[in-house]
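Should a chain be cited, it is by its letter among A, B, C and D, assigned in written order, with residues numbered from 1 in that chain.
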Amino acid sequence: MLSHPLTGVIPPLVTPLLDADELDVDGLEKLIEHVLAGGVHGLFLLGTTGEGPSLSFRLQQEVIQESTRIIRRRVPVMVGISHSSFAESLRLAEHAASCNADAVVLAPPYYFPAGQPELLEYLEDLTPRLPLPMFLYNMPSMTKIHIEVDTLRRAADIPGIGGFKDSSGNMVRFHEFLQVMRDRPDFSILMGPEELLAEAVIFGGHGGVSGGANLFPRLFVDLYEAARDLNMPRVKQLQEHLFNVRKLYGLGKYTSTFIKGVKCALNLKGICSDVMAEPFKAFRQPEREKVAQVLSAVER
Amino acid sequence: MLSHPLTGVIPPLVTPLLDADELDVDGLEKLIEHVLAGGVHGLFLLGTTGEGPSLSFRLQQEVIQESTRIIRRRVPVMVGISHSSFAESLRLAEHAASCNADAVVLAPPYYFPAGQPELLEYLEDLTPRLPLPMFLYNMPSMTKIHIEVDTLRRAADIPGIGGFKDSSGNMVRFHEFLQVMRDRPDFSILMGPEELLAEAVIFGGHGGVSGGANLFPRLFVDLYEAARDLNMPRVKQLQEHLFNVRKLYGLGKYTSTFIKGVKCALNLKGICSDVMAEPFKAFRQPEREKVAQVLSAVER
Amino acid sequence: MLSHPLTGVIPPLVTPLLDADELDVDGLEKLIEHVLAGGVHGLFLLGTTGEGPSLSFRLQQEVIQESTRIIRRRVPVMVGISHSSFAESLRLAEHAASCNADAVVLAPPYYFPAGQPELLEYLEDLTPRLPLPMFLYNMPSMTKIHIEVDTLRRAADIPGIGGFKDSSGNMVRFHEFLQVMRDRPDFSILMGPEELLAEAVIFGGHGGVSGGANLFPRLFVDLYEAARDLNMPRVKQLQEHLFNVRKLYGLGKYTSTFIKGVKCALNLKGICSDVMAEPFKAFRQPEREKVAQVLSAVER
Amino acid sequence: MLSHPLTGVIPPLVTPLLDADELDVDGLEKLIEHVLAGGVHGLFLLGTTGEGPSLSFRLQQEVIQESTRIIRRRVPVMVGISHSSFAESLRLAEHAASCNADAVVLAPPYYFPAGQPELLEYLEDLTPRLPLPMFLYNMPSMTKIHIEVDTLRRAADIPGIGGFKDSSGNMVRFHEFLQVMRDRPDFSILMGPEELLAEAVIFGGHGGVSGGANLFPRLFVDLYEAARDLNMPRVKQLQEHLFNVRKLYGLGKYTSTFIKGVKCALNLKGICSDVMAEPFKAFRQPEREKVAQVLSAVER
């Protein structure tokens, strides 16, 4: 079901929770229908925005099972399997395959930072054993390592790796990735940070894994299409709107503020619970009020 | 079985492996007898040196079960339960308790870096549910967060937290930790980096979790005792020897070189296998020969 | 002579040297004529690419004097006055004014990293005493501090600050700078890294301080104009060429490789000497040969 | 007048100012007499604590001239000549020699971070031209580079380099420096951070450049002597006092809080002005009151 290359907007789905280890199945259903109604081109489960690494293995399995059931193959489903343990990444990939997911997404092991040759060997060991196509995920702020351009170039020759998602926010390097993969039109290069979706697509990237698309899927689909069509006046207009939406993301402190802001806004919109997995907690009242204010300004 | 405070040398045991996901039980037994014969005061399973976060949950359980069986309560056993997921840390702690381990050791969740207040809340949520006393583990190079002095001071008031292991290598902050905990003689403050064991103990620390004690347990026990007794000429003599031993640790590249060096030397000494868990591989021949050279120089 | 806002390509001129403390005046003349012939819109002296902070005060004065003499007001001249000492920055600004330069460029003091409020107070103290309009320069890799969006917003209200040059390479933040300055059409926002020139201009930036324009001024002028005109096919074609040119910049090691590569290529093209100021040295033969190869491939 | 190796407590003198660019000569005299009365073994002018890099060249010259006049060769005088420009470092060294200073202190050029081989070549170029013995200064938080152990080992063979001051705070590396220089009893290894003075001396270091000795010179001289004599009960008692004194250093925000705290306390003790060089300002009333409180608690 996966196109080659995969293109478009693939939101990293937040994981609605009733309690730290209990899935909000109703919320999940509403959320999935909300983003699909916005026209997104795929869904990414258990990513950073989905708090994947914070969830128990049991809950990760449940997220995959329930989400694939709800999605009913309307769009491709990608599943994050990043783990500090090789064997656990493999185990989760097998579960994803058994639920008919379409691909897995893998960041480097995130406890020990591997050197680039070590990382490449690790990918050579793991990829042949994966039951699904794999997208490599560059997330240096969490994994402590940058996937270097030469490492990507070599990794792309391992059968089974279908694409690359770059969440480093380093736009110079993203251009290098694009340049070095020019002869591989089947290989998908996706942008992480939503603020850079438009330029990534303008310069040849295939789409984005935009966290804000949980909230405003249509905005990101429109932005993707305008960029793809090089409709620059439209791109600028949508980009300006996007930078207003972003005010939702910086209302708390610490790394967690983005996910807290998105979940809080989804809760205010009546879509799902805002419970966070440990080590985080939902916004308390003062931040919640600020989210409500920004939301009403944005939606006016 | 735990003393208050826990004192002495507690090696972070390497995990002997026959294959990436298969325990070297014979090697484990020889290794444990080797370090116990050296007079160590406790053992720490599944730490960073033990490649804990790289092992599957199944293998982690086996390590705990086999190690506690072999140790037969001759020394206290501490078990690393650090994980990116709260529920998985809890699950491993329960297994450790069922095997009659004496304590657990917990670093902050290592995917998302929590802010200090978030970390404190996390500890307040987790600690009461743990079936064993917990030692807090500061390991910023892996977890991306420093446990701050004020956070330790507050965490120490949570019932169930019995001590602190600082692997930051920041000696100024270690002194601050010692100063702020002066009124808590029951609370154990342990040094991670073995190069700083002596001064940590001289200035009031309770001992160290010295990786090199896998290889040369007696050296570290002697150093600990000399430091405890403020026998400075002896401390300096042993410290000089330790800095020769350290040449074993820098023979490869990348973060992994320390563990690779220790496992390779243990293998050369006939104690256990040198197989590494992914994403790492054992030293190849060139590095192995250098390890042999340093080893023979050190043991002469 | 300065337009408001200043727009276009303003190369940060390399400083041709005969010896560590001796200007290559002939080389300087050829270099200036070379870049002016390429159609650039201004010149920036004593920036990072110009090794400004490595030069003696005497030599800095000479660079300004000779350059302004050669340029003869054909384009606006900006002069870097960044220094760890307030008084020395001021002294250099006064010399620049006496030579009829058009503006000065100032990065935060680069020994002590100031906090944002400290930086703002420093700007409030310094700017009124400057005899020329000032452009603020964000260069975190050298100064250790990021100029934050809110600091720029406040600094822009200090009379005398005419623009901002962002060399952080952080494109997300660059968009934030653009958004927050939308109501100040007179205030110039310039991009440092040449790889991001095109998208900076596409999204509303005013131009770039592109180091590669020392070598290929026409390429950057063309790229700027294509981006300004939203001529995307042309932008992509020129961008691809630019990424071939960039191969000149990574042929050595360390931070210095960019400047060494540019000076070596200028020397091979017969424009000026490749002597570097301390603590650097010109490329030796092996790197020089690689530069020659890339150059001939690029110019074919 | 310099002993080989230089030993003891050498305070990095703060620079008393009446205005941003005006020396407080009376304050300087009182300060020098205050620290000399405390028994210090040398004085270090224009270091980080002396805000050396923030001062104009003119003011730096005046500081050297007035200080050497006041000191009258009662103790050795070291002068910081760190600069981003080779020629300016040299120029300042020549002034220091003309004032009969005893040595210069040099950190790596602090704008461009040199690679280790570049740094070594720079030292090979500069040192023979210096008119005074040079102490190499490791200050990575400001210069962005760590002087590596192997670089120090090679630098120590350049005639004219007489010692090393390590302000990295990395105690593991300090031990490595001590080990690698064991066969050079004439070469002085000094500790920067005062919190580590005692252990540095216990393990073979020659003394320390302790900022707090501006305020409490006798405390640091006593601590140095107790450590040198391996009088551990005395060391611990003084160390505890030192950690109370340190509360003066963290009362503001940002990197500048240490110097602001010391200058404020000196002002409260009636010794000198607390004016700071740009980009900093003296503590305002709220912080000043906190300094007064800590001071009275410490001096009780």
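Going forward, a contact is a pair of C-beta atoms (placed from the backbone, for glycine too) under 8 Å apart; a residue touches a chain by one contact, two chains touch by 3 or more.
Everything quoted here is computed from the prediction, not taken from an experiment.
Common neighbours of subunit C and subunit D (chains touching each): not present.
Seen from the Cα centre of subunit C, the chain whose own Cα centre is farthest off is B. With centres taken as mean Cα positions, subunit C sits 36 Å from subunit A. Between subunit B and subunit C the centroid-to-centroid distance comes to 50 Å (mean Cα coordinates, whole Å). The set of subunit B residues that touch two or more partner chains is empty.
This structure has the following touching chain pairs: A-B, A-C, B-D, C-D. Listed in rising order, the residues of subunit A touching subunit C in the complex are 169-172, 175-176, 179, 193, 195-196, 199, 202-204, 230, 232, 236, 239-240, 243. Subunit C contributes residues 20-21, 48, 51, 53-59, 84-88, 91, 108-115, 118-119, 121-122, 125-126, 142, 144, 253-256, 277-281 to its touches with subunit D in the complex.
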